[in-house]
Amino acid sequence: MLEIKDLEVSYGMIKALKGISFRVDEGEVIALIGANGAGKTTALHTITGLLPAESGSIRFDGVELTKVPAHKIVAMGMAHVPEGRRVFANLSVLQNLRMGAYTRSDRDEISRNLEMVFSRFPRLKERQNQLSGTLSGGEQQMLAMGRALMSSPKIILMDEPSMGLSPILVNEIFDIIEKVKADGTTVLLVEQNAKKALSISDRGYVLETGRIVLEGKASELLNNEQIRKAYLGE
Amino acid sequence: MCAMLSVNNLSISFGGLRAVDDFNIEIEKGELYGLIGPNGAGKTTVFNLLTGVYRPDEGRIFLEDRNITGLDTVEINKAGIARTFQNIRLFKDLSVLDNVKIGLHNIFTYPTISGILRLSSYFRIEKEMDERALELLKVFDLEKEKDSFAKNLPYGKQRKLEIARALATGPKLLLLDEPAAGMNPNETGELMDTIRFVRDEFDMTILLIEHDMKLVSGICEKLSVLNFGSVLSRGKTSEVLNDPEVIAAYLG
Amino acid sequence: MLNFLTYFVNGISLGSIYAIIALGYTMVYGIAKMLNFAHGDVIMIGSYIIYTSMVTWGLDPLLSIVIAAAGCTVLGIVTEKVAYKPLRGAASSLAVLITAIGVSYLLQNLALLIFTANPKSFSSVVSWDGISLAGGELKIQGVTIITIITSLIVLLALQTFIKKTKQGQAMVAVSEDKGAAALMGINVNKTISLTFAIGSGLAAIAGALLCSAYPNLTPYTGAMPGIKAFVAAVLGGIGSIPGAMIGGLLLGIIESLSKRYISTQLSDAIVFSILIIVLLVRPTGLLGKKVQEKV
Amino acid sequence: ATGTAPAAQGEAASGSSGGEAFKIGGIGPTTGAAAIYGSDVRDAMQIAVDEINADGGINGYQIEYKFEDDEHNAEKAVNAYNTLKDWGMQMLIGTVTSAPCIAVSEKTKEDNMFQLTPSGTAVNCVQYDNAFRLCFSDPNQGSASADYIAGNDSLKGSKIAIIYDSSIEYSTGIHDSFVARASELSLDVVSDTSFTTDSNTDFTVQLQSSKDAGADLLFLPIYYQEASLILQQADSMGYAPVFFGVDGMDGILGVENFDTSLAEGVYLLTPFSATAQDELTVNFVKKFKEMTGHIPNQFGADAYDAVYAVKAVCEAQNVAPSQSVSDICEAMKKGMTEIELGNVLTSPTSITWTAEGEPNKDPRAVIIKNSEYVLAE
Amino acid sequence: MKFTKQTKRDLYTCVMVILFYVVIQVLDKAGVLSFHIKGLLVPLCYYSIAAVALNLVVGILGDLSLGHAGFMCVGAFSASLFSVAVKESGMPAGLRFLTALIIGTLMAALFGFLIGIPVLRLNGDYLAIVTLAFGEIIKNFLAAVYLGYDEEGLHVAFKSFQLKGEGKMLINGAMGIQGTPTDSTFTISIVILLLALFAIQNLVNSRAGRAIMAIRDNRIAAEAVGINITKYKMLAFTVSAAIAGTAGVLFSHNTSTLTASSTYFGYNVSILILVYVVLGGIGNIRGSIIATAILYILPELLRGLNSYRMLIYSIVLIVIMLINWAPAAIAFRERYGIRAFIGRKRENSGKEVS
């Protein structure tokens, strides 16, 4: 479904991705793990077109994405929960969610979707008229997830969705990811919480300073000695 | 002897929402104290109240025996409370060293005019500031990056720099808002060592907010759990973490 | 009392002109987050287009306005593409402010070359004389009434557009966070172009009314009203569309009354002093949202 | 429209360059809000220079002419002056507007360069002995206007209102001397309001104040751009006093598309009338219109006369381009006070100059009738 | 003594200015300087000074001011008033000018301080408009005031008046102040430029300067580490106003006529100075000077183009801005290792981390 080949990306002089390749198949949950500054966020940004690729290719359902602008990529069925949430601070929770359904026009579908999001995140329903800028960090994270789900995407890219969430919510988020998967949506998951991430993933890739250094079945990675040392803190 | 921090009946509302509701806490000198609770429970708001970002509707705050309720942020910092922020707030376009030196602003002083005219006190005190700042950077393993822009540091190092900067202001009480957010378990482990080191070496009292239970159970001696603005449970870490109510509301 | 009313009405006439300019200004200002110092000059260009088609080609006023609106829209889109868009994402938002000043100089000097510095007397696009009250003592001009009606229509249309349409909501999202907006599937460039298109189209309408009320057209006609509109927009609260309307009207009324009751010589100083006082009391303008940064 | 400048360097400064032609410079605003005045002066001078050159020049020497923009800015005017000096300018006809003119006169004084301003009206424009002007001075116009009103049977009993531009020298200068003279003559000034260049579109308050005060004569010592707006706004208010302007009002009939019927009955003291039927005026207006597309006002006429004044004095004093700047200036200074310049656009009679640099010429009061200037009385 | 990188950079800036001075002097002695160029030197200096001053507010403090021409106006008028008043008293020219400089600077500082009070409460564009408003008020006021003295003493009014006997009009409404002695020389201007550089660069690199930059980068964090926002904003604003005032003194003592018109002191002049600052690099003091030089001289170089002069100027301005600031252009430059045209970036003691 999503195939990345030899992707290179730079910020000015700094090369953040030095030729990475990986693929995500339909219906899979793929974990992308790596230390701070490894280039995970950069990879996601490039896939959704927020950053230009220097070289390499990104294919989504067979379509080359590197020259496609971000908004078209989203319309093709890719959603992105960005790092740092990036909710529209001066819009209400409800307006933010509606914004998530920007590319869709079927009103009934949208309101059904909204109900679905509200049932997954009751807190958002409670706060639907609050300006999102004043939500607590965790609440904003839920909003960002909910907003991405509003486009009912084929694939959803999540950048550290558990960051700053309480343990109960972290579990919940991972539950939701599993449910999202169960609904047939493909997930590309970037996480610091490698253990949890791998435990719900099918496969995983390990990124280190702009290169993929390891890949494999999630269960294998979980048992990999190197990984256990470097990312699971054991 | 009185507690380092004691807070009585602290409350604040935003519009209709009572974000902090009759909050009490008592922290002894040298303690490593954890403040946990669900998202939106009001933890950061407590920090904001303690540091004068918000003025409480009700309640009083004492630092040692000094009533600091209603003082402004600058005064509170001078009185001895320093903090870090949940969403990192560094001086992004300044060097790492300068970030720490700004923390030293009220510790090492010389008149502005001697800075402009480059009088001898300027050189002497700037040198002292540099030395002190470097010492602090060393604690956080940041001395190699001293000349980088703060914005170019990786996330984890930015968090550390924030702590270093807070320490530079010479506080008695250090407030850390989710210091381990966005760190992987290894980095979190290092951070725990650093926090312990800071407590021991600087003789610091620390109150921290954190969702990473490994960190909380690893270094906090006592905990308060906040839920809907008020304290759900408090006490020794191990006891609090086994409290069924806490498990239900927070740990899952 | 009648005396006061006369000056008050004069103030409203002046203010309605400021208001209609400020509406277009605030549009671009609120969405693209840029102080478009060239807005006044787009108004000037629009007025020249109307002048040319009405006086030189002898076309109908309404048709002339349509032509001017089309012309200004194109102008707005082109300047945005050439001079502002490349600076999107620049390290400082001041960069685009400076190119806007460059564009302002450019338009003025272009007009100077094409139309010369010789002033042109504009033919009013409004042929109605207006109404007389209190036995002819109090006269409200046709242009004033038309201007107020037009600005109210523009106000409502803009409000509805932004609140109720997808395109409008897209604009709000873009103004908050371009990257996140793109992730919602919003075409950021198109949305900003649209903003400039609308803002510039409104400039043409404002130009028609400005020059009908004050029929003297030179390459510098737009500069001062542009700044006054900026002041009005700030007074009303940046980005607030009703604020721009209220700010414009208030500015006109204050200007008129202070000229009458305090000093004609110092009226600018008085207007500006009042602006400062208002901002000291309400640091985000009359209707500006108080956005508190969450710590 | 201007001569080509040889790469000017130090030695040109001594003032005696080649000596083949007279190098006459002009300075005025050709960009910025005052561009209309400067461009007219530039073009009118060009016409005069071309005529003279076609006619064999001055004393057999051709004129080289160069005009520099000053954006109506004293600092830029000095820059323009220096540019012209580098070019080798021997005489300056300029600058067009007052404040820049005063600043430049400091420099011409230092260099002892002859300066004749066509339109710098402020007193200080000609404070030094090397500087002369062709137009009336501000106080001259202000008091002449008051005198005229006092001496005119139909106007003298009027209640007078004044609207002037308090942010420019020209307008305040005339205003101040008018007010002073009016009180000496015990004219009845009932309303005195002003505006600034930054708010020069809406005059309803000033007009309303004048109307409320019962004024039946409105004195407008301002430029015609604003005056045209005042006429329009007074008309739509239904206020119809007698309007009385000064030379800045000249040009009002030339505003493109202006409804000249509004200007019916406007009095103005002006040295020039573009609708005069004498051969000189007709010829000048025709050439000017061909060149620029619009009708000249007194700025252009003053500039045209200024070039001819220089020609006349040069011929009388037998000045040659090979002389130094300073020598030329001395000769011109002497010549200016001796000459009697006839056949000019801007005076019905001939013009003479005082040693102070002021012209002796009669202001003409004209009244606009059927969209033409007609001599009043 | 060991120089830090920053100190070296600051010194280079001063050396650049001194070198410029020396080169000009040599060329002048050699007689190759045209009058035109010589006439541009003093304005170049005072606009550079104004730009450097504004950069302290815009670049270092991070607030947008559109009213610096107002501070120049205050400096210019107060100093000229003094100079004109004592012109005939036999005070030595040097001492008179020095006093005028001090008066102009202090008066501008006072106004900067007064204006700083409301400035503190406002942010972003609201602040910009208030500074613009203040600048306009100052200009508007000075253009309307008449000040003169005669045997009966000092007279102030908003209408012209007649003086009795041996009186003298000091400020004559819109006609402003006439006859200011033209004391500004290139040498003095360069010395003042160097002093301004010295003061601002040293301020920036001191404890106070860091505090100011901290406020710019993150106000909330600055407060949290105990920095008194009010104090340091005031400091930056007042120092900046004072130096702009000095520029005003040089301005008014360069040409003999001084009027408070928009041409010299309107918001458009403030914006022009802002153009210098932004083009030279926000926060980059040296860049401000270089940009001022380029942009001030450009329209003068274009004089040969006559009517097209200002048109070309505006196009060049837009193009330089795009080259210097557009992300695409910057990326291009970085890739091919071309140095910035003037120096866009805030040049700080920082190196990029890879």
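Letters A, B, C, D and E name the chains as they come in the text, with residue numbers starting at 1 for each one.
FYI, a residue touches a chain if its C-beta (ideal position, glycine included) is under 8 Å from a C-beta of that chain, and two chains touch if they have at least 3 such contacts.
Here the structure is a predicted model, which means the values were calculated and not measured.
Visitor: Need the graph distance between subunit C and subunit D over the touch network, please.
Guide: 1
Visitor: Under the document's definition of touching, what chains do subunit B and subunit E have as common neighbours?
Guide: Intersection of subunit B and subunit E contact lists gives A, C.
Visitor: Under the touch criterion given at the top, what is the topological distance in steps from subunit B to subunit D?
Guide: Tracing touching chains, the least step count from subunit B to subunit D comes to 2.
Visitor: Could you let me know which interface, D-E or B-C, is made of more C-beta pairs in contact?
Guide: Counting C-beta pairs in contact, D-E comes out ahead.
Visitor: Compute the centre of every chain as the mean of its C-alpha atoms, then state which one is farthest from the centre of subunit C.
Guide: It is B.
Visitor: Could you find the chain whose CA centre sits the greatest distance from that of subunit A?
Guide: So the farthest one, by centre of C-alpha atoms, is D.
Visitor: Subunit A to subunit E: how many Å between their CA centres?
Guide: 50
Visitor: How many Å are there between the centre of subunit A and the centre of subunit C, using C-alpha atoms for each centre?
Guide: 42
Visitor: List the centre-to-centre spacing of subunit A and subunit B in whole Å, with centres computed as mean CA coordinates.
Guide: Subunit A and subunit B have C-alpha centres separated by 30 Å.
Visitor: At least two partner chains per residue is the criterion; list those residues in subunit C.
Guide: Residues 109, 112, 265, 268, 295 of subunit C each touch two or more of the other chains.
Visitor: Tell me, which residues of subunit D touch at least two other chains?
Guide: Expected reply: 30-32, 166, 196, 198.
Visitor: Would you mind listing the residues of subunit A that make contact with two or more other chains?
Guide: Those would be 134.
Visitor: Chain pairs that touch, all of them, please.
Guide: A-B, A-C, A-E, B-C, B-E, C-D, C-E, D-E
Visitor: Name, in rising order, each residue of subunit D that touches subunit C in their complex.
Guide: 30-33, 35-36, 39, 166, 193-196, 198-202, 204-206, 208-209, 212, 225-226, 228-229, 232, 236-238, 254-259, 292-294
Visitor: Within the complex, which stretch of subunit D touches subunit E?
Guide: 1-2, 5, 8-10, 13, 30-32, 68-69, 71-75, 78-83, 85-86, 99, 102-103, 106, 122, 124, 165-169, 171-173, 175-176, 179-180, 192, 196-198
Visitor: Give every residue of subunit C touching subunit B within the complex, in rising order.
Guide: It comes out as residues 295.
Visitor: Given the complex with subunit D, which residues does subunit C contribute to the contact?
Guide: 3, 6-7, 10, 13-14, 51, 55, 109, 112, 116-123, 129, 136, 139, 141, 214-216, 218-220, 224-225, 255-256, 259-260, 264-265, 267-268
Visitor: Give every residue of subunit A touching subunit E within the complex, in rising order.
Guide: Touching subunit E: residues 12-15 of subunit A.
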